[in-house]
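What follows is a pair of complexes built around subunit A, which joins subunit B in one and subunit C in the other.
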Partner chain A sequence: MATQAISTSLAPQKRTSLKVYFWRVANNYVLRRVIKALATIFVVITVTFFIIRLMPSNPVDIFIQEQMALYNSSYQEARDRAAALFAIDLTAPVTQQYLDYMGNLLRGDLGKSYRSQGAGVADIIKQFLPWTLFSVGTALFISFTLGVALGMVMAYRRETPLDYVLSTFASLVSSIPNYLIAIIIIVTFGSQLRILNIAQMRGSISPGVQPGFTLKFIGDVLYHAALPIFVYVLTTIGSWMLAMKSSTVATLEEDYVTVARARGLKDSRIMTSYVGRNAALPLFTQLAISIGFVVGGSVLIETIFVYQGIGQQLLKAINQRDYPVMQGIFLIITVAVVFANLLADLLYGRLDPRIRVGSEETK
Partner chain B sequence: MTKTVLEVKNLWVEYPARRGVVQAVRGVSFDLCQGETLAFIGESGSGKTTLGLALVRLLPKSARVRQGNILFYQNGRVQDVLALSQEDLRQFRWRDCAMVFQGAQNSFNPVLRVESQFYDTARAHGMTGTAHVKQRAIDLLRMVQLDPNRVFRSFPHELSGGMRQRVLIALGLLLQPQVIILDEPTTALDILTQRSIIEVLRKLKKELDFSLIFISHDLSLAAELADRVATVYAGTIVEIGGVYDIFERARHPYTQALTHSVPTVTGDLRDLTSIPGSPPDLIVLPPGCAFHPRCPFATQRCKEQEPPLEPVGEGQFAACWNWREAMNKT
Partner chain C sequence: MMQAQAFYARQPSFLQSLSQTLKLLARNKVGFAGFLGVLFFVFFALVLPIFVPIDNQTRMDKIYAPASWDHLLGTDFQGRDVFSQLVHGGREVLVIAFVTGAITTFLAVVFGSLSAVLGGWVDSFIMSLADLWLAIPQFPVLAVLASLVKLNNVILLALLLSLLSWPTLTRAIRSQVLSLRQRDYVEAARSLGLSTRHIIFNEIMPNMMSYIAISLIFAMTAAVYAQAGLAFLGLISFSDNNSWGVTIQLAWTKGAIFFRDSFLYIMAPVLAIALFQLSLVSFTRSLEEVFNPRLRTGV
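This part shows the complex of A and B:
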């Protein structure tokens, strides 16, 4: 209040300071990055909106085909049912549809599914996303920590039999597509050896198990998520191992590591704070980007193991051309990836003091 | 009589390479006395860094110490460096002998503050109590003419090259080692910074009691700091003696060529005669004296027999068959 009183008497000066303030805000690194992120999201939403509608066929035709095949009904019957069900006008100009969609989106309305008894897209996401976040997130955590640890072992023991074994393993598993490993597991451990009861492991929880903080519930959740998690870990750990190995090998060559040895530091201290911390730095950007993709989960893995996550819903929505659901899930994935990137950028400055300078305002 | 703190006897170090074995250090022997500064000078690639690294056993894994002894004398105790266990070696490094590397620009962990790197070093050697360490660190930083308030809490990238070099020297003195090895401590720094580092070192030498091994290809710097100078050619000491003798009465043709190409201690500029020929190939050494292909005094004998270090004056030794001829020529 006091400042206000003063500033009124110093009006011209206040204007210049406002200008300075404006430039400082405009130059603010964080703000610039946030604006860029929002712009990216807008562009991706727009592009997906139109691409989705460029896909061959449309929700009505697919519904009609399904009805005809399922109930052996005539085309006319199926059409009538479709017309009753779809309270939407797909014949409206696409630009009009786009403007409607964006308008709703700004109000926080993701729309309703064309199918699933018109369930809200937000509700579908709320119901299925947590399972994907849990399974892929757990897998990512295990894969990253284990991969980084093994990568360091490989670097420290490079050119030894252990390194050869681990390197071969890493390049092998990272070159096999995850759905192939999933199918191999089902065929060998499920059908042939009958070690795993694949049918029982389907779904996200067993019927009748009450959600709650009980051992039974947690055990059941892990039981159902075990196979997807295993496959995610197996197919992603290799690249973490190889990335960490090469980063560690490079870091071990750094002068400061030799100097740390000359300083008589303990090997454990050198390994963690001097080698490990610097070697892992470049991997954090990669990690943040992976966190973004967690949301998307893996469409194929969830479908193969019949794990009820968002990926499976996405595949279903694509097959039914359920535009609002597709659009909603793509939106969530985009937002997650973009913000994970943003977070990576900002976090990197926290982890690496050399970057911190750039994120500060120009002094 | 001054005490010997370091004794190196007939040290041989080699690097197996694809083309053959690189003979980086060939039969080097010398003593270092308490409080003394010994400079090793020679062209780049002559094995000076390898020698320094061998003294603290920090050679790359591929290197082999084929022969020799490195003995540290301290409080009547002898440490055979090449025989130390891993843990004893760790303790020995920096506490008894600190080595500041060539290109110290990257000697600090970029993600840790300067203070952490001081504390890390102290803790590794059982010095607990941050207050005590901090006080000593601040005293040392002041001695190397830095502002401790600014430097101690900085990250390495916030300091200039010259400042980092000084911080590293201060860190080297943290544990009061008996010997400090400085490998080209001023290369990659501008001339003014070089000067101030040399000033700092002279001052430190006066105030603290440590022996210094100073490795450089720059004779003028060595001349300002050293008590004794050893010239290294093709992995071996070809001449060693008091700094004045080396600069004014060099007996070995290689030392003569080196000293002729720089301003001398007394400041008079001699004409710059660069050394003709190219540095030797340490894999396939010339037979006899390694310097003979470039030596103006070379005779048949030089091509056949390698000359031993022999006394050529008071505390001065040279490895040359024809040092008398070389002496008369200049």
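This part shows the complex of A and C:
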């Protein structure tokens, strides 16, 4: 940081190498951001590893309890069965387990599930992650674009009945927890009014439908994802609308908008390339943060809709104390959040010329 | 001596600003409705339990009875009164929300203002820590912790929730302090040679009170979200009387999807939480009115 500041103050003197210098800083910034992202992932993995291992209860005990309850077997019998089943040594020192885990991780090996026989954690993630990414990604895309558009409408039509209706809607839907909205939808439209066939909409795909680029497959996928996507959109759109509205109102007061008007530019052009672009900028960083929040919240939504994504798997792993699966899913979610943030930061520098030049000095 | 005088001199102006605050609260209709809603829930969850008896009696002949004078909101799968459960299930939700909100805001104010005022390595350390913390998937971590530790202690859960949620607020408070530091009256106080402590507590903090109050409320809504969510997943439960989240979980696992009669049973706690959240969020509108200095006349 210090070298940065010094070099910046030197920059005007060395005019010839200004361009070279600029690229060095830019590269430097990217490099530092990437290193920071990797360090963050490392720390989070370490912290979650120790949180999970140091807590009371472990998968073997849970398994023994289950066996004793299920088959009425004695503790010794259940213990023997557990010992045969689990090829893991939970008595090894935690630090040793940690070093083993990190070593395997570096080789790209996420380990094997304790409970699903022989299933690799990577395979489990590969199987369930796409569904979560698909539903959450689609929902965030819809709610971001729609929210930004509605937010601009609100800003342009502020203090009109339309603005009041939209503002009320936005604060209403963004203050109610998403899982409650999911429950309200299922109970009201599913069991009471019987408009939705909840039983049929469960899961992420109907049995017997073959994956492929067919109309039937795509339709089926959308049919099953419709409710989760709807709930994600409904509960996130409000904050986009409100954020975009205030951002647009602030942008409309900028001098360059007034100048653009004075130059007689078309209103539609001012709205898209002058106001919209600049007003939407600060929202990109929020988008990155919200990815983590929505993926984290998918535990609840996927459980309610019985949607077979990563969130539901996480809950299952938690209930079975399936450490490697828990750890693997944590890793994936963390990587997703960190890289979304990284992408937003780097993209922000590209999108906003003021940041591109000034990011090192302004603080 | 000087300080004591300054303190007494401040008293009436505090009372004045309190009455003014109430006036400003009433100015925004939505916000005032939210304020009344919060008051209602405080009364409902903390005062009503004194008058409404706990109902743990199983009545096999009255399973999923419809609403009547005897049972205002009908009965559950064991014939127990739903209204009574609702009245007794609110306390934990409110207490956890408030305690979590208070601890989170306290941490955020301390770290945020330290970060902004001290700057330098303290600032970069706190901000890096906050960045790191934000990368941890919060709800999943909570779910794991709740399954591993028995989180049936209200204060322990509140502590845990605030330990996870301080970074966002800390950043907000930090930027708020940074911007307030640039104001003219702070510059004036500084050029008068007043101490840093005086500047923080007497010049900056009073001007942040409503902002802090708003932050407190948003921290409360986040706590309600997490707490009821964990209860719904069956990961936390509190002893005798079920909190709203636990009631939702019970209603759900006892087949709210299949029994049309259980509509009231599941919707009562769902709407209670939803309306409580809505009241809290609407209430912030009034606080924003108080917060916005342009709307404050004659202070």
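Assume the second predicted complex is superposed on the first by the 317 of 363 C-alpha atoms of A that agree within 3 Å, B and C clash if a C-alpha of one lies under 4 Å from a C-alpha of the other, contacts with A are read in each partner's own complex, and residues count from 1 in each chain.
Going forward, a contact is a pair of C-beta atoms (placed from the backbone, for glycine too) under 8 Å apart; a residue touches a chain by one contact, two chains touch by 3 or more.
Just so it is clear, the structure is predicted and the values come from calculations on it, not from any experiment.
Once subunit A is used to superpose the two complexes, subunit B occupies space next to subunit C without a clash.
More residues of subunit A are in touch with C than with the other of subunit B and subunit C.
In the superposed model, A:L315 lies in contact with subunit C only, and not with subunit B. Of the two partner chains placed around the shared chain by superposition, subunit C is the only one that A:I198 touches, whereas subunit B remains out of contact. When the two structures are aligned on the shared chain, A:R107 is found in touch with neither subunit B nor subunit C. By the touch criterion defined above, A:L351 reaches subunit B but does not reach subunit C.
Contacts of A:I176 after superposition on the shared chain: subunit C is touched, whereas subunit B is not.
In the superposed model, A:V299 makes contact with subunit C only, not with subunit B.
Contacts of A:G190 after superposition on the shared chain: subunit C is touched, whereas subunit B is not. By the touch criterion stated above, A:V337 is placed in contact with subunit C alone, subunit B being left untouched. Here the smallest spacing between CA atoms of subunit B and those of subunit C, following superposition, is 11 Å. Taken together, the two complexes place no residue of subunit A in contact with both subunit B and subunit C.
Every residue of subunit A that touches subunit C in the complex is listed here, in rising order: 1, 36, 40-41, 43-44, 47-48, 51-52, 55-57, 168, 171-172, 174-177, 179-180, 183-184, 186-187, 190-192, 198, 289, 292-293, 295-297, 299-300, 303, 314-315, 318-319, 321, 326, 329-330, 333-334, 337-338, 341. Interface residues of subunit B facing subunit A in the complex, by the touch rule stated above, are 56, 58, 90-95, 98-99, 101, 103-112, 120-121, 124-125, 155, 157, 168, 171. Those residues of subunit C lying in contact with subunit A across their complex are 30, 124, 131-132, 134-141, 143-145, 147-149, 221, 224-225, 228-229, 232-233, 235, 248, 252, 256-260, 263, 266-267, 270, 273-274, 277-278, 280-282, 285.
Note for the complex: subunit A touches subunit B at residues 254-256, 258-266, 269, 273-274, 277-278, 281, 351-354, 357.
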